[in-house]
Amino acid sequence: MKAVCVVHNETSTGSVSPIAQVRQAIDAAGHPALLMVDTISGLASIDFRFDEWGVDVAVSGSQKGLMLPPGLSFNAVSNKAFEVSKTGGMRRSYWDWQEMAAINPTGYFPYTPGTNMLYGLNEAIAMLHEEGLDNVFARHQRHGAATRAAVRHWGLEVLCRQQGQESGVLTAVLVPEGHSADAFRATALQHYDISLGNGLSKVADKVFRIGHLGDINDLTLAGTLTGVELGLRKSGIPHSEGGVAAAMAELECTRFEPLAAE
Amino acid sequence: MKAVCVVHNETSTGSVSPIAQVRQAIDAAGHPALLMVDTISGLASIDFRFDEWGVDVAVSGSQKGLMLPPGLSFNAVSNKAFEVSKTGGMRRSYWDWQEMAAINPTGYFPYTPGTNMLYGLNEAIAMLHEEGLDNVFARHQRHGAATRAAVRHWGLEVLCRQQGQESGVLTAVLVPEGHSADAFRATALQHYDISLGNGLSKVADKVFRIGHLGDINDLTLAGTLTGVELGLRKSGIPHSEGGVAAAMAELECTRFEPLAAE
Amino acid sequence: MKAVCVVHNETSTGSVSPIAQVRQAIDAAGHPALLMVDTISGLASIDFRFDEWGVDVAVSGSQKGLMLPPGLSFNAVSNKAFEVSKTGGMRRSYWDWQEMAAINPTGYFPYTPGTNMLYGLNEAIAMLHEEGLDNVFARHQRHGAATRAAVRHWGLEVLCRQQGQESGVLTAVLVPEGHSADAFRATALQHYDISLGNGLSKVADKVFRIGHLGDINDLTLAGTLTGVELGLRKSGIPHSEGGVAAAMAELECTRFEPLAAE
Amino acid sequence: MKAVCVVHNETSTGSVSPIAQVRQAIDAAGHPALLMVDTISGLASIDFRFDEWGVDVAVSGSQKGLMLPPGLSFNAVSNKAFEVSKTGGMRRSYWDWQEMAAINPTGYFPYTPGTNMLYGLNEAIAMLHEEGLDNVFARHQRHGAATRAAVRHWGLEVLCRQQGQESGVLTAVLVPEGHSADAFRATALQHYDISLGNGLSKVADKVFRIGHLGDINDLTLAGTLTGVELGLRKSGIPHSEGGVAAAMAELECTRFEPLAAE
């Protein structure tokens, strides 16, 4: 059995993969591959539809859109994938779905569960429903668009070039040739107490990442983008000032009346 | 016995009283009045010198510069005031210094103390010393100056007109004639989730107040001022945009290398 | 205007005053005195009926039966007392009911409220109602009776000699002549990590106090009484061993099926 | 490569395995097997010496003697085991020591670490050193001995029959033939709010387990054993009353002056 593995929200690049289209492509090819999706940083910030999109295995975690400390990981598994896992042949113990599924109907776990985290999860889910999932998703989209407006105003380049696939969770930004993204990040941290994500592997030291997920609002984003702009100035990275104002203007254009929460 | 009562940091107007000069004026007049100072919102954010300035009674609280919940109040009392209190004649019980002073040397209180708050106070004082008191005071001064730079840029008026006496703890801002400060505050809260202080008594509905005290930094201030600017726009209060940028420019001018903490 | 002041649950002696009978005695005498009751350690552990018993002023606090840290105090005031307070003549400020009552209908306070404590109070009240107030009161009564059974078994004397007025909140115990209650308390603390209350004023060093209020159950009480019994032995205070077992036997006799909570 | 796998403290039976002797037996047989030890419930409650006893792989967790919520797991790995793991051949990712070891010297983790738990671990270790590890171990031994004294007094049987290998972490107790351990556990929980461990696999419903690990002291243990004794009575399981007193007598015999903490 083969599988196509896709990351829903790519935290290293700030792009969102079109999961439903990947499924359609697999089906169009008549291939029996499982569709496995990593939605660790996507779930609860970006729309994700396990059944509707035909996903076979999804993995997520507590420490991103669910606004909890690290410590919980989740699997959603299709019947097809569950059957396949019985005969997969790879030795495993803690990760074995069979033991988990066998005891799940009783409300228990085969191993010591992270009880404290489960209480937190309960509250996080209540908060998400209180705001309304559609409002949560729209908020992230607005903040992504506003961040990109700031980046364009600065004259810098967003790493994700595919329009419509930019992430509402984070934005990866390229620094100009001849400048070090990591030196910029160190300067911003030292002078403005803001911790920005680093570029990974191929874009190491070429990219910094601005997170805009979880429990944030327009003003938190304004503070964040101000930190980036002041850091650019302090680091001597060429840019046009006024990116924060551009972001705020974008936010005003896309301001919406929140839908009544479910 | 008479007393001169002064508020160190006036939270309703955003101005700082020159305590040492009040003492000098009392002494120059040869008057025996006690000098009583309310430094509830001043202590730990603005320099305050009980002995050096000749204060007789100071009162403060936990919920401002000490960064704790409300619940603790403090008195500092000179020997002179302590003696006077023995013969003051006003009936009192819980507020009586004599009972408190009698048991204080044993490390205990005559009544049930707010133990949890005392643990918090211990930590708050440790945080202040870790940053260094002079750095804490300088940080508040910078944030006050930056906020006033924003207000001037907006074309609005700071309530405190006495240069040099503007508070580093909060800034009270007059809205133009014909506009309601309270309506503006309600709009800002509704749309940008920012809670601004209201004008009190004579300046009710004419003034709003921006707090910049406690555990805040340049970027938190930027988020705050962005909320004010967006709220002004949304409320239709005439102003020049760009106040946040003006504040940040001011912060850059006055940026300093923190002194080594004590 | 005169007042009769009574303590509902006397923490220094472990006795409960019959408030309703005090009211009847005042009324029988045709005296207009106000009835003022301190129910700081009684409220939420022992039945208290402000209206039904004809109390004029009641004072309570957060740190006993309400299971919160110290920090909140409460007044209940009859119309009669409220009217009297307007002309009482004593100078006061923070404690003035008029200012509090004037703003109360708006849901606000005239001074900075202890917001964090109010959230805690909300939860404490929910917990009390979840258990059911009658069940809470019965639980305290049982624990008081069980503690007295232990004391009798030890051959020691309960300070409160009036049957029916012993407190369900705490039990004060006399140590035999020639022994120091404070030395015993120090021994128990050092060896068994249990902090017992001291005797106050007239019974200083003659009495120790066992608290059994708030969020405790049969087994917590067993641990507490074990600490007392081990401390008695270690201190060489003559006593019959087996007090904990006697207490548990008493608990079994008085075990009840909790009523359905309201 | 083969391995001998041993559980240091067996939570299902309440017995401690002699790890050093297992090592000696392996060595005496001239066998190259790795010695792998599960000390999940042993570490920080019972003496464990990785280097001195010649262990190759140890696994532990945060939720037992380290007094934290579940969420962290630890490996200690000998050089020999580390070398073997490079060629083990089993596919793995998250559990792979190589990636972890490669980045460890920098103070970082290859995956998102449970940061909050690491702060808690820091504090837990400080608490253990404050008490002194030898005192912590002695405390657990005393509590185990006292619990067994109670069980013997009740006339019940401790599951672990090997003298000297009984656990200081928990005690598994056999209920008499014809009685259900699980029914007893349900009764104790319902009436006395005490949650006892269940028997696993072969001793299911025949055994209940009393935990005495982590942040407990003599009086907490007394409360625990009282709950068991009251539960036995309520369940109609034949037993001699007075087990708690027997446990306390044992504690007095073995009382010691704590060594000065390191």
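Quick notes
We just call them A, B, C and D in the order they show up, numbering each chain from 1.
Everything below uses one rule, namely that a contact is a pair of C-beta atoms (placed from the backbone, for glycine too) under 8 Å apart; a residue touches a chain by one contact, two chains touch by 3 or more.
None of the values given here were measured: they were computed from a predicted structure.
Where touching is counted per the definition, subunit C and subunit D have no chain in common.
Set against the C-alpha centre of subunit B, every other chain centre is closer than that of D.
Mean C-alpha positions place subunit A and subunit B at a centre distance of 41 Å. Subunit A and subunit C, compared by their mean Cα positions, are separated by 54 Å. Under the contact definition stated at the top, not a single residue of subunit B touches 2 or more other chains. Contacts between chains close into a ring here, every chain touching precisely two others. By the definition given earlier, chain contacts exist for A-B, A-D, B-C, C-D. Contact residues on subunit B toward subunit C in their complex (touch as defined above): 61, 63, 69-71, 90-91, 112-117.
Within the complex, the subunit B residues that touch subunit A are 191-194, 217-220, 222-224, 226-227, 229-230, 233, 241-242, 244-245, 248, 252, 255.
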